[in-house]
Each structure stands twice: as structure tokens, then as C-alpha cells.
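Order as written gives the chain letters A, B, C and D; numbering starts at 1 within each chain.
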């Protein structure tokens, strides 16, 4: 059960609400985000909902049968749009393409990519500066200095920045240079990181775990929301299965399922979902067709020379064609 | 290595070819299908390909690096189209919708479905009469008498019939009443059944195993082709994974991968791939967008009353809308 | 619900029982096996069990909450032992080792293996003559003639024969030459084969499917039992997962779970479960320690030269040591 | 390639070694742990190994073909034993039982558990104070104050403490109160946490990821070792598969495989590996039989009342019987 409070609610009234909830037998948790005040109530009790609904300072009471609550579509009228500023919105009818290299490598690389994105009308650039790598000896990214450079060039051109955050200690240093924090698949259940991302007012895109369930992804988002940050995106990036013909198995079923279960925008990452350059286009288009609100794609001027993930990275020409087709698919869906 | 023989080749010439192959150190297998004569050569040897190519009666010699050979796209120029007659073609640019109930239940059911398909311009009807069921106590289909009824009604209306065959002994009795034999997921590696289907001249659609690999599906097709029947369709129907939010995980990656690895048409089955009625439409459209040559969908006048698979079955209204959207997706792809 | 009938029950009494069951609202299925007469009742109804229990010719009525019934441990007092004759029993406290090559290759191979087994006190020999192979071009076994040779040599020495059956048409020709039919992992849900094996009075060992669930394995056994044959063994042989460091993932959890859910003997196959020769010993011993009633192991005089599965096959020396250790583990368990 | 340096090596000599390595074309990484100085060399080059081996200050040069190096058994003679002090050793022939509740709940609970462990001769107690939970609303542990209490009681009785660390910021505050840091399955690839654990001189037990590969587990250990801490334990705790009859699938194959690939001790966690109390005993014994160097088991005085994981927790009586049997299995193995 979620109790939405009025913005004007006074402290003693909050206390009354929380006390009333406890009395009924629920365990209340007060959640204050950048947009609202909620009391999430854990438990299952029979009671007259009006006893809560009529309390001073209560705007609305919602019954939510899912165990995750704030991210559930069961209480929120309509879908959530995430506004990155300068007219760049994501979700609730606003489709966005995000593209860029796996790793930020050099100023020249960033400049050329930004130029390419601008010429294609793409408004969000991805690029890793902290890279999670299976081996401790692999290239682990340019770090915070790389991010500052990456960010500065994007800011000049009105391009928004999404990049991965790997630990709580990185959150503050990154804050000024990014527009979306990305939580990678290996950190999808790093609960301490999720807790901390709840305390910051910037959008967070959470990738599904390597073999995370759809429900676990929703719970991970619930962590951030319950921590105080409701600007959330969810990303399907393929799961680990026995099939070795592709890097991961793109669970395209997750797109319509997530779209029904949550009000949050759903992004697809075809690059990781299949992991093979020549097949990125068809599965990217399939992901959009399945109903995604946005897409994040790895591109590089010279994929063969990329510092990481070159085998699944499109070059500029391939990506331009894909962007165009994606827009035609979105346009077809809008006509339906 | 595949050696294509001339249709006019005489028996002694065949023997010469086979002998030459053995001499080089390959293990030859002669394959005669409804369309051609081949010698499939197993092994890996260094030799001058002209020594074979110049033999009398040899049309062409193809080097195939895959271990499956006849179904590989590495030797065949162009894609294969399967002709079901009366202008119903599948593959190589001919997209087909196949639809119908999970189980054939009654004459009335078949008549109404045929009527609906005709009104929608759909030319192929699916419907099971032999049903593989986990439990021996579940409904196992109407059997051969059901098939005769099903077939007769379809024939009246120019609708083609696809239905599942479960064991070698059913092949001949079914022959006159069907247009495509379907091999179900649980029989995808029933090699005796595949062997026998190689001896019959009717198209065969092989479903990927419950957790079969893409490579195993190609090998299963190789069984039928090597048995003498090259009229083959492959079907992605979802695989078994840890994710329980859907019945199966639709491995949409398999569509472009199969399309590149084989010349055979690739079909998607969104009904089993997700297993939840309200999500069949988006994943069906995604499957088409990923490049499928055809689609097979479970529909029923009253899904709630279906003898089996009701939870993943569309009603007539839902299916009509889906058919229309599928055609718009195919039309969009043709413009690209 | 299972109704056990008296051996002496007359036909009209059987009809009365079936009618009574229908009247209550259950769907009855009469099952006659080599050992008993049962009416399996499908459904869930509230009624006074004495109305059935008191009917003439009814020995006992058992309520079974599982959907599989005859194989469930919920109705049968005690465990089932399978008697192969000549004092070779399996289950209910009788542990058996079964060993032999993947494929029967030659008379000499069989003779040497039989000699080795005899010297080690092993009473059951495995060996395939019909081999399911992913590729149609691989060695597919010596066939029925190979079986006759294999069987004759074993019979001379009092060794029992277990070998794989792949299709219904093989059941009768094999009957005189085997002691246990093995259903392979790829045929674990070949329901037509299971149906037919229900009509024969010889033990059947069913392997779990490539990625079959424990429940599906029980249902497959239910097919054979409901067909009339209750001499059944179940075999855990590893499942398909994402992990590629071993051929399969040995689901050792399945051993205690199966032992609790069914009264049938449970066999482990460590050779396929890990697929790597040097690790067969530890996982074999682990499987026995987990509670298996028997074990089936691939051995060969010269594993390097085996026609199939050499990489997971023990030589005679290795197998002798393993047999000895297995017996020590069984002895330890008997002391507990 | 790993170059072991002499303890007495001078800085200029280290520089010479690193320079020599670079010159050959390898990428060197200097690693200094509590026990040794190494230069790990990444790459693959042909060269005369004596050119390095003869440099001043080089003790030994090892060629390691695995991509993980320091944890590989390919360079280290013999197995690694982890000494927790007071005669509590783990690995290289020293078997240890670790047991305790999922969550530390109260002083009374800890006292009773310690008493029980002492009476059973168990020297290491587990117990979580920081609990990773899918839902943000679930009990998340008693935190650092709980750890202080837990630790104080254990120290009184000579019991060693193992508990989970969830983020870098917890490492220092926990240091004085624990004997082994546990990295949980969800943090198995939390590389920042692993990096930091490399900087501390306390043993670390890394659990395999929810669906981590054996190779990924070795790489995660390589992170800690390469960070400077070679006191490492690896733990198999079951993997996520499609099978839902148990909480996880116990990949018992991992035990012999890890034992061969690494010199580090291998622990099994049967409680999570099967997740069902009545089956913990057989799979625990199987894990020991497969070759584990230690075992970690969830126990509680009243499992029904445990704050978490009660369904997979043994009571004192059950655990006492299991401990006894484990020791009999270990004794049997020592006789072999």
C-alpha cells in the first residue's frame, strides 16, 4: 500500500499517518523524493481504506498487490517521463536514441562521435570511463578525468551524457559531469550503490543483472525510489543462457512485461543483447518494435580499433542507417 | 564439402565421384532429394578442388566450413522458398502467416477458424491432432480422424494445413491430409523421426528444442535434408531459461543468426515464445521485424474455452489486428 | 487419487468402481500393470473416501496431491526394488553399478569389458547399439546385430544388459536381448516411445531430459507406469546450463529430491554429468553419497580409441579404483 | 607469466625486471602481497625465459597459460592453506566446518550458537550483519553494532568469525571484529569491492555469482590477489538455472574443477545450494565427498523463527548429526 502525502503536510500530520498505519498492523516506511512524499506500507491487512484516506495531509491511498510498490504501475496514473533538460525527454511517448563508444578513449574520439550524433539528431551520448572488467589486467577506463573531457565536449553541443557509476564513492565526483548515472549489469543488485543513488537528484538507468529476473530489476529500481530518487530508467541488455551463438540472449519478452508492470521507461541495449555487430540492426529494430521507450547502442568511428566491445559496435555509417530505420519504426507505431 | 551432381549423371559416373572422394580421404554420403543429387563429404583434407570439379557428371563443388552442410548458406546461392501450392510460398521474400488453435476440437471450431482466416487473407492453418503433453492424463488430441475433418474443411477453402507429427508410424497416415509436417520442440532431436521425414516429399517445419541450441536445430534439419527431403522450415519458439515471468524466453537473436547461417526459411512462434496472451502482439511484431520469413500464431474464437494453451491464444479480433500490423511491418521492410 | 484393486476383482466390479468415480466427478483411467490393477482418478473433489473404499474389489484408496500419481511416494509404502533376475536387484537398499562403453564396437571389446566387470563384481553392462547423434554423419551404432552379439557374451557370464531404445519399432526386436531399456535424454519426452514401453514387461530406465525438470522426469515415468509397466528407474545425468567448464551441470540436488518424491530407484550418470574423465571419480562418489540407488559409468579398455564419448570414459584401472571406493561409500552409508 | 621476486630485491632491480618485461612485449603489473612480490606479465610472446630468470632479484619465472594467473595452480607448487590463527587452518588437507545463522539477531542467539559449535568442535561461526536483500523493505541486518557483539562473544570462546562485507566503506570498520570477509554472490563481480579487499590483510571468501562461471570466480579472486591479498577462499553456493524444485542448482562439478584449476581452498555452501532444509544433509555430504576443503552451513536454534533463510537452516540436533557424518566422510577420504 502506498500513501501519497500532500506537499503541504505538516510534520505532526505525517506522524499521525505513520502511527495510524502501524496501528493497523503495517510496517510503514516514509519516502521523500524530489517530487513527492510517500508512506510505503509493508504487510497485508484487512481494514477500511477510508480510515487512512480521510487523515489530514493524505492526498491518495493506493493498494498495490506487487511486493515492489513505488515502481509498480498499479498505483500511478500514466507513464513516467524522465526529463534530461533542453527538451530531451524519455518515456511516456518520448523515444530517445542513446549512442556512443563502449569506452571513452580520447578527445578526438569524443569530438567525432558528438559530431556524428549531432548530424543524426541524436541527443544522448553513452561512453564508459569506469569499466567493469572480468580480468583485473584489462583496460579499466579513463576515469574521472576522462569524464570531465567527455562531458565538456558534449555540453558544448547540447548532448546529454550517460555513463556507468561503479561504487558509492564515485557518485559525488561524477555529479556535475553527467546527465544519467548508469548502473551496470554486474552491479544490478549492488544494494549499497542503489541506496546511495537514491540520495541524489539525477536520473539513474539500471541494467538488468547478468541473469537477473524481471522482478529483481523492479526491486532494484524500488531501492533507488525508496531512497528518494524517482528519476529511473530500466534497461534490458540480454541475459545469460546456455546458447553460445550470441554473447547474451536478448529477452525481448521483458519489454512488454516491464511496460505493463512499471510506469518507468524501458530501454533496450541491442549491442550487449546479441553482441555481434552484423546482427545489432535487426535486434535493435525488434526491441523498438516490442515497445521500448529508448535504445542505447555502441558505436565507434572504427569499431576494429575500439578499446573494448569492438565486436558488437557499429560504425558511423551503419549507425546512421539504423537510426533512420528506428525512427521509421517509431513513426509506424505512432500511427497505430 | 558438397558435390552437386548433374541430373543426367549416370550410375558409373556417380561411383567414380564417390571413389575419388574416398581416395582423397573424405567420407562420402550420397544424398538424393526431390530436387537434386549431392555427395556430402565429411572430413578435412587439403587437395586441388579441380580434381573433383572436373569429373564427369559433377555440376559444382562447394567448400562448407560448418559441420552441418546441406542446410548451410555457405554453398547455396540465394534463399530457399518452400512452395505449398496454389500460390502459397514461404521464404526468399514470401512472408506467410500461419494461424489456428493449439488443438483441433470440433468441426465447428475448424469452420469458424477457416472463415476467419479467409476473411483476413491468411492461407495456412495450424491445429494439433496429436498433442505432446507432459502428463499422460491430459487431452492428447483428436487423432487421425480429427485430422481428416480438419483437412477436408481447409481443402474446401484453399487453406493449407500444418500439424504436428509425433512418431514415424504417423507419417504415412497423415500424408494425404497435410501440407506441412511440424516437428515439435520435444521431438526436435528425435532422430528416427527426422530420418523418416527425410524419406517423404512434403515440407517439414522443425521447431527448436526446449533448450536446443541454434546449431542443434540446423543439425536436425540436416538429418531431414540428408535423408532426401529439402523442403524445410525452421522455427524459433522460445527457449527454457531461469526467467519465470514468461513461459519461455523468446530468443529473438536466433532469427538473424539463422537467417545468415542457413538458406532455409525461418519462422517465429510468438505464442509459445512468451506464452501470455496480452504480450503476443508486441513480440510477434518484434519477431517479424527481426527478419522472420513467416509466423505461426495460436488463435481461437474463445481462448478461455480452448482445450489447450488458452492462456497464450488470441481471439479473432486480436488476431485480425495483429495480422494487419504484421503486414504493415513487412511492407516497411520491403521499402528498406 | 489412486484406487488399488484386488487381483481377484471381477469385471462388473471394476465397472462399478469406475462408475462410482465418474459419479463423484473424477476422470478415471484404468491401469493394469504386471503387478497390479489401479484406477487413477484425475480431478479434485470433496467426498467421503469410504464410499469408494468400501466397494467390492477395492483393496485400498490413496489420496495423492501430486499431479503425477503412480510414481509418487505419497501412496506406496516403502521403496520399489527392480529385480533383473539372478540376484541382481536395484533400489530399496540394493545398490548396483552399471558400467560399459558408450558404444558397442566389437566382440573383442565386449569380451574384455565383460571380463573386467566380472573381475570387479559388477553385474550390469551398458553399451549403445543405437546412438542418438546431433550430426547425421556421425557413427550411429552397430544396430540390432551388435546387440545380439553384445547380449550373447553377457548372457554367458551372467551379466545383465542395459542399452538405449530410440523408437517404438525397436522395442520388440530388442526384447530378447536386453534386461533394461534405456530412454535417452533426447527422448525423455518422446511420449509415443514412453507409451509403447508401457506395454512391455521389462525394466525401463528413463534419463532426465537435456534440460528437463525433475517434475517432467516424474511425468515421463508416469507415462510408462500408466501404460502398464511399473518396472522403472530414473536417471540424473546432468542438465544444460550456461556453464561451459563441464559438458553438463550435474544437478545433484535432484537425487534427494527424487528420492523423496518417488518410490522408484534413482540412478546417477557421472560420465555425462560432468563429461570430463579426470573428474568422473569425485562426482560419481558425490552422487552415491547424495543417496543414489545405483550408478551408470562409461568405461573402455582404451578410452582414447573409443568410437564415442572417449573424453568422459574411464579406463579399466580407473574404474576398478572407483568401483572399490563406491562400495566403501555405500558401506559407510549402511552404517549410518 | 608470473615472475616471483626475491624478498631481498632492491628497487632498481625491480625496475630492471619490469623494463625487461616491457622490452619483450609483455604488459607488466607489479603485485606486492603480504607474502610475496610478483610481476604479472600480460601478453603472449616468444622469448628465451632465461633472459628474465637470470636477472638479479628474480626467484622464479612461471609460464601460466590461463588468463587468470596468480590464482592458477599452474605456477604454485602445492595447495594454499589459509591460517585463521589458534590452529584453525583451511585448505591443503585442513578441513573446516563453518556454521551459524543467516542473520545475527541477538546476543542470546549468538551465545547459544557458540555454545553449540563448541560442543561440536566447530571453530568458525558465520552470521550476517549486513544482509543483501532483493527488497529494500526486508530486514537488512544488525549492522556494525551487531558485529561487535557477535565478535566479542566468539572471541571469548576461541571461535573465528566470517561475515559478509557489502561495500568498500565497510572494510575498515569491520576489520577488528572479523577473521574472514565474505563476498556474497551478488557482489562476486563488484570489482571496486574486490580491489579494496586486495588492500587489507585478512582472508577473503568469495562466493560464486548467482550465475557466475567458474572462470569468473577465478578472475574475481585474481582481483583480490593482484590487489595485494593472497589469503583467499572460493565458495560454490549453487547457480541459477531453470529448475525450480530447489532454490539453486548445486554445481558440484565446480568442486573438482576448481580444485584442479587453482591452489586456493574450495568451500561448499549446501544451504544456499539446495535451499531446502531436509535436503541439506545429503548435498552437504556430497559436496565434501566431491573434494571440498571446507563447508559453510546455516544453522539456528529454531529455524522456524529465524529472521532470514529459515527454510534452509538446520537446527542444532540436525547440524550435530551432519557434523559427525562430515567428519566420517573426511576420515574415509584420508584413508584413500
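By our rule, a residue touches a chain if its C-beta (ideal position, glycine included) is under 8 Å from a C-beta of that chain, and two chains touch if they have at least 3 such contacts.
Keep in mind the model is a prediction, meaning the values are calculated, not measured.
*Asks:* Where are there more C-beta contacts: A-D or A-C?
*Replies:* Between A-D and A-C, the larger count of C-beta pairs in contact belongs to A-D.
*Asks:* Please pick, from B-D, A-D or C-D, the pair whose interface repeats that of B-C, with more than half of the contact pairs identical by residue number.
*Replies:* A-D
*Asks:* In whole angstrom, what separates the CA-based centres of chain A and chain B?
*Replies:* About 39 Å separates the centre of chain A from that of chain B.
*Asks:* As a quick test, compute the distance in whole Å between the mean CA positions of chain A and chain D.
*Replies:* Centres of chain A and chain D (C-alpha means) sit 33 Å apart.
*Asks:* Measuring centre to centre with CA averages, how many angstrom lie between chain A and chain C?
*Replies:* 50
*Asks:* Out of chain B, which residues touch more than one other chain, so two or more?
*Replies:* Chain B, residues with two or more chain partners: 211, 215, 240-242, 244.
*Asks:* Which of the residues in chain A end up touching chain D in this complex?
*Replies:* For chain A paired with chain D, touching residues are 27, 29, 40, 42, 67-68, 132-137, 166-169, 186-187, 189-195, 209-212, 215-216, 219, 222-223, 226-227, 240.
*Asks:* Give every residue of chain C touching chain A within the complex, in rising order.
*Replies:* 211, 240-242, 244
*Asks:* Quick check: in the complex, which residue numbers of chain D touch chain C?
*Replies:* Touching chain C: residues 211, 213-215, 239, 241-246, 249-257, 260, 273-274, 276, 278-279, 282-283, 285-291, 325, 328-329, 332, 336 of chain D.
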